[in-house]
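Every chain is named by a letter (A, B and C) in the order it is written, and numbering of its residues begins at 1.
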Amino acid sequence: EAEGGETAGEVSEGSGRYNTLQVDQVDGVYKITLNRPNKKNAITLEMYEELCEALNEAAKDKDTVLACVTGAGDYYCSGNDLGNFANIPPEGITAMAEKAGEILLKFVGTFIEFPKPLIGLINGPAVGVSVTILGLFDVVYASDRATFHTPFSALGQSPEGCSSYTFPKMMGLAKASEMLLLNKKITAVEACERSLVTAVFPEDSFHKVTEQRVKAYAKLPRKSMQKSKCLIRDGERDLLHKVNKAECDLLVELWQGDECMNAIMQFFSSKSSKL
Amino acid sequence: EAEGGETAGEVSEGSGRYNTLQVDQVDGVYKITLNRPNKKNAITLEMYEELCEALNEAAKDKDTVLACVTGAGDYYCSGNDLGNFANIPPEGITAMAEKAGEILLKFVGTFIEFPKPLIGLINGPAVGVSVTILGLFDVVYASDRATFHTPFSALGQSPEGCSSYTFPKMMGLAKASEMLLLNKKITAVEACERSLVTAVFPEDSFHKVTEQRVKAYAKLPRKSMQKSKCLIRDGERDLLHKVNKAECDLLVELWQGDECMNAIMQFFSSKSSKL
Amino acid sequence: EAEGGETAGEVSEGSGRYNTLQVDQVDGVYKITLNRPNKKNAITLEMYEELCEALNEAAKDKDTVLACVTGAGDYYCSGNDLGNFANIPPEGITAMAEKAGEILLKFVGTFIEFPKPLIGLINGPAVGVSVTILGLFDVVYASDRATFHTPFSALGQSPEGCSSYTFPKMMGLAKASEMLLLNKKITAVEACERSLVTAVFPEDSFHKVTEQRVKAYAKLPRKSMQKSKCLIRDGERDLLHKVNKAECDLLVELWQGDECMNAIMQFFSSKSSKL
């Protein structure tokens, strides 16, 4: 298995604890691998919860210097699993939307609060919330096979992950709106030009080069790195939580509307017509 | 006439209502064309008023999904018509400056409040306020013939259109100051690198490609798009109005000063010497 | 001497007043040259004080339209002179750290408040605080020989010069963190792509081209330029002072910690081992 290649160093006993993730703790690096490759690592409600748990563990663990997130298989992550909306519960659609909003609020809030360097290793296509949340990572390395797509309005939805704030800040409104309002899909190189990505590496060396870098970073003076990260973030932490809340509130509203329902129904019917 | 080529779809009766603009409403797109081509679409006091009216109409019109702005002829817009300052009224120069400041405040405020996607189609050179205001557009497409020039200090004036805030935010202080303080003129490609422009198209396909895109965008779920735009903007709306006010106040002061008077007089004398 | 080549115009009598700087006032340009070339222009406590004095003089001097900063010799500036930490005074390390924090607070505060256009002429490698402070300059021109390096975490330290705010704002978090947390060294061209630098010039024409530009800028309407700069800065002045204070407070803490002590001791021992 490609992602589990680390054998040197001390590996914690916790690795097999998650259903949707693979977690490895080696030499100060807490590595989270989204691990539903046959579903393109789409994020189920369980995966949202497990990602929060894993990040909280990485935050508290005294041997963890930094954390990184990557995807198993060809995809990095295909975003929110639309199956999360497939079964309307007996409590009704409003209850379902509100529950989903709470989960998202907590999920994004966990990234806002994460106190150690967080590195994204984008091994392939990234969609939706897996893209927007990158604005809360410290460093993002991408394979040249990666793409970045946030088709919110096509799905009758709206931006989350604080991207309504972080994207215009990092790439300017004119390029952020093209992605967030008009569903523009971009390449890894374009994402680097737009400052969403720190650097792009050829697919065949991506795993090796980024692994080496992450290992080297984990040997830097950790207190200095962690305190520097918090210094950078403290100034906008409150604002980010406010943005997160506003984004979740709007999504709870839109999830209950016609545009979203129609888009999701169309998605499932086009999927089943392919069978 | 190139800009009036749309014939399909439903066209509202309002098109001939403006003196300085051509307005077309087709298939959800509210298209505003600055229409003083023999004056390079310089913005007269009347055009400021008409642009506010047209934008307010587009905002309210239930059939309008999005709006776009372009220029008739070779220029996009040569900026504020200096003829606006040519005749000092009997009330004196202070009254004239204050009146101009009020008009500008209202004009920029209308862009800050515009609630639907707003797309700039920059068909040729853009100067002054027609450049700065682009920081309040959602998407900006430019012909490779377009240039962007904000020669404020050369004219003894100062930045407006919220550019004192939006330009450093989108392109960094080092590049914003070069434009806003030191009169640097940039190409369409440079404007794209600086995030002022979303994308650049060759002149000969510009009209066709952007028309197709705008049409397609107008078919996207409109509620999702409009609410997403407002979400992105809500966080800085109050700040933008504050910036707008500070910019207008400074301009009212500078318009009455020697540097501006001398620069404008020199402009007119160099113009008449060419006759 | 290359930097002192200006002979035309009126030169003030003050030029020889500084021990660590060369200062020239010619035709509205107040030019500050960091002048410890045999120490790569490392900033001693005296140089911090003299830079504040020189900037305050440039701010008040009625003949000064704008100021620029460059370095004598091959380096622009190698950053904080680690010799500042070489001798722990009798009052102890806490007193030393607090004193250094006060000097830095005042130094950065002087740049925040500087009311006239400030242009960086980066003639060679730049390190540490000489890089971070560039986020407070209006325009930065770099020789293609220049590099930009902020190895804070390698030295057990943390970002200053308001870079914890200005760097993420100008280049996005993903690229700022690579520099500020992970010690990434970048070229002049990369610094330009990241908006830290306005433009890059070939080494052999750098001095001549930038000198001509600066001269031309000093002839622009000065009131318009200076008021425009203040307009751009007023909105975030208070925030910048708050950021500066938070950065200095963290540094005072880290300077007293093991990571920093070890890093500095290692620096000196590797230096002496080369003798």
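Note that contacts are C-beta pairs under 8 Å (C-beta built on N, C-alpha and C of every residue); 3 or more make two chains touch, one makes a residue touch a chain.
Since we're looking at a predicted model, the values are computed, not measured.
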Classification of the chain B:chain C interface as same or different, half of numbers criterion: different
Copies chain A and chain C - rotation angle from C-alpha fit, nearest 5 degrees: 120
Averaged-CA centre spacing for the pair chain C and chain B, given as whole angstrom: 37
Of all residues in chain A, the ones touching two or more other chains: 169, 171
Chain A contact footprint on chain C (complex, rising order): 152-159, 164-165, 168-169, 171-178, 180-183, 239, 242-243, 246-247, 250, 253-254, 257, 259-260, 263
Partner chain C, residues of chain A touching it in the complex: 117, 134-135, 137-140, 166, 169-171, 194-199, 217, 220-221, 223-225, 227-229, 231-232, 234-235
